[in-house]
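What follows is one structure encoded as structure tokens, with my remarks underneath.
We call the chains A, B and C, going by the order they appear; numbering starts again at 1 in every chain.
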Amino acid sequence: MRGLRVDNLESVYNKAVTALSGVSLEVPEGRIVALVGVNGSGKSTTLNAIAGLLPGDPQAVTGGGVWFDDERLDGLPPHEVVRRGVVLVPEREKIFETLTVAENLQASVAKGRDQAARLAEVFELFPDLVPRKASIAGYLSGGQRQMLALGRALLCYPRLLLVDEMTLGLAPKVIAELLTRLVQMRDGLGISVLLVEQNVTAALEVADYGYILEKGRIVFHGTPDKLRSHEDVKEFYLGLGVAGARSYRDVKQYRRTRRWWG
Amino acid sequence: MRASGYFKTRYDFDFGFWETPFRRFWVVAGLCGMVAFPFSVSGFWIGVVNLAAIAAIGALALNLLVGYTGQLSLGHAGFLAAGAFTVGILVGQWSLPIWLTLPAAIVVGMALGVLVGVPALRLRGIYLSISTFAAYFVILSLVIEYQSLFSGSSGVLIPAPQIGSWIFRGERSWYFVLMALVGLATLLCLNLKRSHIGRAWLAIRERELAASALGINVSFYKVMAFVISTAMTTFAGALGAYYAGFVSAEAFTFLVTVEYLTMILIGGLGSVLGALLGALFVTVLPFLVERAVEVLPVPATFKTHLFAVQIGVFAILMLGFLMFEPRGLVRIWGRIRAYFELWPFKYRPLQ
Amino acid sequence: MQLAVNVLVLTALYAMMAAGFVLIYRASRVFNLAHGDAMMLGGYVFFTCLVATGGNLWAAVPLALAAGFMIGVAVYIVGIRPLAGYPVVSIVMVTVAIGILLRSLATLIWSAQVRYPANLLPFKDTPFHIWGNAVISTLDIASIAAAAIFFIVLIVLFQRTALGVRMRAAAENPRLAANSGVNIHRVIALSWGLACFGATLGAVFYTTRVNLEPDSWLVGLRAFAPALIGGMTSLLGVLPGALIVALVEVLAAQYLDPIMVSSAPFIVLLAALWIRPWGLFGTREEVVRV
């Protein structure tokens, strides 16, 4: 199968806290897939597990597997995962703060590829970075940082981008622009994207498919239309409150039993 | 049926002195053993245990500072030297009796604690350790200066201590006195742990910012940790001076600091019992290595450079504990106990 | 004038050795207290190479430097990498333990006898007279030149090459660097190798100028002060740091007690820690973060 396949992934922190208990999802080639969920549901954990863990990490994969183009990814160190075309854009610490913009982009490794050509493409996609090539990355604004983070990922010649909470703390206009760029990357460069988001509205605007993650399990998945028309998604994730709900405690998620399976 | 690793079942145990009912039994058994010991072995081994006892006091002191309050101090040898040389100077120049020199050593220790502790307030973690390391070097240079200027290069001779008309000599008499002193030091440490001071130290070690947010005067308790620890250390150094019979700067290399750090590391950081066990272990080790080198077939260089072999074994041991069991012997013992408590189950998952 | 020459030579020595502390701190965020022992071991290897090649400097020096590099890589692989994720304090203790182990090995292999590599050199260290009655020898000039070349190479490496950028990236944020395709283990091992390369380079000049014995590790440890004073994260800061420490040491030896020589760097260190803990060019966050 061309693309990413995650099968029954289980992950544990510090050998004590189970963060993922059986996550399965697929990102076919050339598609944008959204993975949404609230804080603590395990979204970043999933991405980190796919992107590869370093020795000494508190996180460990204890079950299941990750395949990209039918090649096994879990257990590989991060730089090997990058070599196979899967690149992570993390949520925090997404750029090298003490290096300049140009050096940030130079730090990416893409063996045997034309970095100069890709660099030109990156500057085309993110013109804001061009006048700031020599500035220290730590002084960039939030939106510019995200652009630099995406640019840095692009220079690794990814076939799949794992984007973690891209829209956090950004103005709506900037969010819209970044989402447009993602679509441009999919259409122009043929890059698939696994987009992890709390901002469900934004994510479903560009996604071809979506998964909902809750407490380490996928509870629902479908096309954006299907997700948007589901009662519980509307109420809890899209904020389209049902009349009569006074506080978040009334919302389905907290007194839900088995509603999701349907 | 108790859960693994948790042997305290009531809040009383946290505040009480004995922590668990088992302890009472073991302490009494241990006391009996300690009293019987010197009558059942040769003078040589009593001497080894005496050395271990003096080291234990130093280890307890270091444990307070490093293990319990979390301030990594690399200056331990310097404080030991300060205590020893206080005795050396007071006895060598003015022949003061022991009941004056020992308190003097403690006072010197407290002063050093303030001198090193107050500037250390600005520093954290390894920067703090480097400043204590530098302090060690400075103390050592002062001490070497004194030695070369006043007493010739071999050190200061100290006659056996004398209280009233009773002269201290012989391993056995030293043994009982040292055991009593170690017991007192242990009591001090245990009670400090139980008190508000000990709890403040624990909070500082874990998360300084949160401790200060809770209203703990971090600076005060930090300096207090330094003061108490260095006072105990200089006391140990002074005792060592009397026991050895002379004082010399060569005995206070950086390796000594490393030895003490290893003692509390091997025993288990923060644990009083661990400090005692570690002190015993590290003190006895060189003698064991010496016996082993005599008995085992090893290259000739091992026999001529025994010290190198001893520190080599010591370093390997340090590495082993650091890599495989950083929480020390106490933790190993805890694991063994947990295994027997939980049998036939293997573990009890947290969730 | 002679003082100035002495200061310059000492600065060069300290710079070569202190560079290693900075490299390792940036790569692994630890104070490598085994660096002095690495320098001592490098000195012994150099001595053995001299003996084995019959005083052939052109063979002995590169061999010793290569061995020094390998020692650094070995220390990383055996001692530091397995402890990834452990608290910094533990790793510093590991470096202390490794240092003791290296010293033990050196004593067992080469015995505690003091050696004089200078006697094995194919030439005599000829002094030159410059500027009145100041004296500088060939070895002195060589050590200054070596330090200068070493630093120029390092700076060019880190500022201009892609590899250097990746090393700096891995030093700043290992996770992100790994996620950008950088093999951080190779890069960090390279840092350790370079650090011990520098230590061995310093050892080559120190042992030929003075002597070689297992206690030489103390000299190497003195080089910690220039690194800290310049800023543990700044390679360039090593140069002014080394200059300051060398200045204080030479002046102290001249006008105060010669015994103060070995403790002078530490007194300067203490002063620096109290006044400006992050050094001249270090980043301020370092102190609070640690």
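What we mean here is this: a residue touches a chain if its C-beta (ideal position, glycine included) is under 8 Å from a C-beta of that chain, and two chains touch if they have at least 3 such contacts.
This structure is a prediction, so every number in the text was calculated from the model and none was measured.
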Open item on the list: From the centre of chain B, which other chain's Cα mean sits the farthest off?
Closed with: A
TODO: Any chance you could check whether B-C or A-C wins on number of contacting C-beta pairs?
DONE: B-C
Task: Chain nearest the overall Cα centroid - done: C
Open item on the list: Counting only Cα atoms for the centres, state how far chain A is from chain B in Å.
Closed with: 52
Open item on the list: Taking the mean of the C-alpha atoms as each chain's centre, how many Å separate chain B from chain C?
Closed with: 33
Task: Rounded Å distance, chain A centre to chain C centre (Cα mean) - done: 43
Open item on the list: Residues of chain C that contact two or more other chains, please.
Closed with: 83, 86
- [ ] Give every residue of chain A touching chain C within the complex, in rising order.
- [x] 51-52, 54-58, 77-79, 82-83, 87-88, 90, 93-99, 103-104, 106-111, 152-153, 156
Open item on the list: For the complex, give me every residue of chain B touching chain C.
Closed with: 72, 119, 122-127, 129-131, 133-135, 137-138, 140-141, 144-145, 148, 255, 258, 261, 265, 301-302, 304-305, 307-309, 311-312, 314-316, 318-319, 322-323, 326
Task: Interfacial residue positions of chain C with respect to chain A in the complex - done: 81, 83-86, 162, 165-166, 168-169, 172-185, 283
- [ ] Mind listing the chain C positions that touch chain B in their complex?
- [x] 30-31, 79, 82-83, 86, 88-90, 92-94, 96-98, 100-101, 103-105, 107-109, 111-112, 224, 228, 257, 259-260, 262-263, 266-267, 269-270, 273-274, 277, 287-288, 290
